[in-house]
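Consider the two complexes below, in which chain A is the common component and chain B and chain C are the respective partners.
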Partner chain A sequence: MNRAGMVKVLVCTGAIVLAIAAPLVLSSTYWTSVFTSIVINALLVASLRTILTIGEFSLGHVGFMCLGAYTSALLTMKAGLPFGVTLPLAGLLAGLVAFALGYPFMRVKGIYFAILTLVTSESIRLLAFNWRSLTGGIDGLIGFPGAGVLSIPGLGQLDFDGFTEYYYLTLAVVCASLFILYRLEKSKLGFTWLAIREADKMAGAVGVNVLRYKVIAFSIASFFAGIGGGLFAHFERALGPHATASFGVMTTIYLLIYMVVGGKARFVGPIMGAVVLSLVYEFARPVEEYQPMIIGVIAIMTVMIIPEGLIGIPEKVKRWRPKLLN
Partner chain B sequence: MDITAQEFWQGLINGLALGWIYVLMALGLTLIFGIMRIMQFAHGEIYMLGAYAVYYLTVSLKLPLFLGTCLGMLFIGMLGLILERSLFRPLKEDWLSAVVAAVGLTLILQSGAIAMFGLHHRNLPVLAEGPFNIMGSIFVPKDRIVAVAVAVFLSLVLYLFLKATKYGQAMVASAQNPDGAILQGIGPNKMAALSMGIGCALAAAGGVLAGSMFQMGPYMGLLSLVKGLLIIVIGGLGSLPGAILAGMSLGIIDGLFPILFGHAWASLSPLFFVIVVLVIKPQGIFGHE
Partner chain C sequence: MGYLEIRKLTRFFGGLAAVMELDMDVGQRQLFGLIGPNGAGKSTVLNMIGGILRPNRGQIIFDGAEVTKLPPHLKAQRGIARVFQENLLFSSFTVLENVQVGYHLQTRIDLSSIFLETRSNRIQEKELEQKAMDILEFVGLAQYSNELAINLPHGRQRLLALAIALAAQPQLLLLDEPVTGMAAEEVETMLSMIRALREQKGITCIIIEHNLKAVMGLCDRIAVLNFGRKIAEGPPEEIVENPAVMEAYLGKEEDVT
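For the complex of A and B:
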């Protein structure tokens, strides 16, 4: 393994160790729940970036998260299925809907695609809010079970109902999903996506079915958004008007900002953005009204000063250091 | 579902009034997008600020609504000029950065509005009192008719400006072919500033109509923004008739479908509508490549 590879592995291990140790060190329910939502956000932005690898950007990721959340909640509540079954089903439904929508949507590009996804997410959110018989409308869904007892091969029966236990479950699911997303990006499929982003006409000319690969990227990203939604639903334990607000345009805005502030060019960028900005948001809690404003100012300053995002900082420092020393 | 003729007409006229507010949003958005190639995500917040500016001009300073609206449009138009110069011009090379800047601006303006004006809903003075009689026994509120008239008037002014004046033609040229326009001596920055100013003023007018007929609050912008953006896709970029047709259709969907088919179907119908349009004509109804 070369040096860069070693650094990558070390950084990953360090981040995971830190994530495992954090709730034990802080031992507060509040911070554990903050970390849980940060981990879910990390999955959402990382999968959002998958759509960016085909050169499109989505403003509707949160809609697929909403689909996943309601699917998992309703299946545990009405069909009595265990969480271990409903979570993949949540992802699957979100992925299938994205697959069906992908064909008409991918006929347009750029801003148009972004607008369509935005409309999709708003429609899904309003549907969840207005379909009273299924989702409870304004009263919401209350009292669906948490993750409960899951049997894990090699470990036996484990109870994930507690806050800390659920955090670890979320962390494990998200780490596995991130690993899959990362491997996909480095696979042949990922390189095909890149080829489409760089030159879609060229890719089409050498025999790549551009439309199909685009739809696949969109579906995979939405699958993981659905998983994120499922994790979110059983973390909140209730999907009411408060939750439908968190499936709204504001969350889309935050996801987009996390992605670009972190740095869209590399896999780790958006995850870093999600972690750093969520922590900034949390530490700004004393001035609650101005939390969004602080994030907005950071977003604007980032695109003005370092458009590459946080991951571009080392590069910048490397370029500036010799000039400063001379 | 049984509905009376009165309810039907009420829903239709409400929908038309809403639709024309969306059209005003969409005209600004398509102008800005056509010339600056920027998705102005903060346009909904501009619309909200327009409503609040006019609220303070008319309710606190006791100006008449007409004068207040004109002044409000002027102020918000100037705000647009400032935003174009300070925020969007440095970012015009990278469209994703520009979107993020617009999104950041949304957060700043929205939380600023919550901090300054509070969360509670307010109302602007009504446009016109009393009912309006159509077809004998059916009455609809008069302010809806006035709102539609105002929006139609503003759209017509914009149309004439773009078709018949030197600056309007320069803007059209700049949208159709930026490089060609530069060769003709049309400065892209000047056109961008102009489009931002006009777009923001139109959004402010839309905000005033919405604030007067319905309610105004710090979050009022996002919904109209989504509708305005959707109109661009459905109608086709840069097409005035397309925007008007799409806007009225969406307005009628919003006004009539909830009472005809229930809220659940009504919330999905704009999505179905846009999918049908895309399958038949990806460039939008009146769009071209």
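For the complex of A and C:
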């Protein structure tokens, strides 16, 4: 393995060890729940980046998260299915909806695609808001079960209802999902996605079914947004479709900010952005009314000083160090 | 009966007839030139053959099968590849990766290739890399295989665009201004390469080009378009002497010089 590969493996292992140790070291329910939402954000933002690999950006990622959240919550509540079944179904429904919408949507590009996704996510939210018999409307859904007892192959029956247990479950699901997304991006499939981003006309001329590959990327991204939504639902144990709540446009905007601040050029960038900014957001809780402003200032500073995002820092340091020493 | 038959091909842009009732036959292994003044509809014809544009009327028959309305990727599957007028490359990829995109149709993308690094996957990878290198060798870019496509000078970018199209194993190559903007010696290289493609691989070419000297020297047969209509067709010797062509096209050039 070369040096870059070693660094990757070390950073990865380090991050996972840190994530596993954090709740044990801090042993505070509050921080454990903060970490849970950070881990969910990491999955949402990494899957949003998958859409970026085909050169499009979505303003409606949260809509698919919303779909996943309600799907999983309703299936546990009304059909009594266990979380182990409802979570994949949440992703599947979000992915299928994206697949169906992808064919018309992916015929347009850039801002037009962004607007279509934005309208979709707001429609999904308003559907949840207005379909009172199913979703409880403005009162939302409350009192649906948590993850409960799941049988894990090799580990037997485990109860994931507790905060810490649910955190580990989330961490495991997200790590597996991130691994899949990473492998996809590094595969021939990801290579084709990037080729489409670079020159879709040329890709089409040598036999790439551009529309199909774009729809696949959109569906996969939305599948994992749905999984993120499912994880979110059973973490919160309550869902409400208010505009300002989790499923509003602001959530997608935050995801985009995480992506830009972390650095969208590499897989790890958006995840780093999500972790760092979510922590900043938490630490700024005492001055709650200024939270969005603080995040905004960080976003602007990043774009102006290190446009590559946080992942660009090592490169910058390498270039600045000789200058400072002289 | 030609290898590529075009029958009454018509395309409107709004009220303007960009191409009007065009009939054209291209024989197998022919180097077919398509010339005409700016806006004559040459690129529109290539776009319709390549599948980027759908004709409003008419038929395109390739190798005995109707392909009129197929989208670009299905045309590519049948052996029609396109080299665009602009330098349309996968610019942030290396030269080698650019050519590898061209091998898309021969690349297997399945779950095992995504999640497992099996021996057969690695072998396939190596094979494709070797094939891509062979093509780079052919166009003379092998030594630049690890450079970013965007850093190549114009002439080499044109060669790379050709290499990408060749990777798709075309039977019919659509070349949109292959030598425009090239230095004299680069023009020679490109022309001899197109000839070699015909000799060695039996590839048929349709060539749009403003460099008339190059077209006349290269092509077996030339069609001249003006205002979307074909005004002449024949071997280069005839075309140069055709009065209608002189008036529409060559005459104008003489005025300028």
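Assume the second predicted complex is superposed on the first by the 322 of 326 C-alpha atoms of A that agree within 3 Å, B and C clash if a C-alpha of one lies under 4 Å from a C-alpha of the other, contacts with A are read in each partner's own complex, and residues count from 1 in each chain.
Methods note: a contact is a pair of C-beta atoms (placed from the backbone, for glycine too) under 8 Å apart; a residue touches a chain by one contact, two chains touch by 3 or more.
For clarity, every value in this text was computed on a predicted model and none was experimentally measured.
Using the contact criterion defined above for the overlaid structures, shared-chain residue A:Thr13 touches neither chain B nor chain C, since it reaches no partner. Shared-chain residue A:Ile111: touches chain B; no touch with chain C. By the touch criterion defined above, A:Arg183 reaches chain C but does not reach chain B.
Of the two partners chain B and chain C, it is B that touches the larger number of chain A residues. Of the two partner chains, chain B is the only one touched by A:Val297; chain C is not. When the two structures are aligned on the shared chain, A:Ser27 is found in touch with neither chain B nor chain C.
In the three-chain superposition model, chain A touches chain B and chain C at no common residue. Residue ranges on chain A touching chain B, taken from their complex, read 57, 101, 104-105, 107-108, 110-112, 114-116, 118-120, 122-123, 126-127, 129-132, 248-250, 253, 256-257, 260-261, 264, 289-293, 295-300, 302-304, 307. The touching residues of chain A, when paired with chain C in their complex, are 180, 183-184, 187-189, 191-192, 194-195, 198-199, 201-210. Remark: chain C residues 50-52, 71-73, 76-77, 81-82, 84, 88-93, 97, 100-102, 104-105, 107-109, 113-115, 161, 164-165, 167-168 touch chain A in the complex. The touching residues of chain B, when paired with chain A in their complex, are 33, 39, 41, 87, 90-91, 94-101, 103-108, 110-112, 114-115, 222, 225-226, 229-230, 232-233, 262-264, 266-268, 270-271, 274-275, 278-279, 282.
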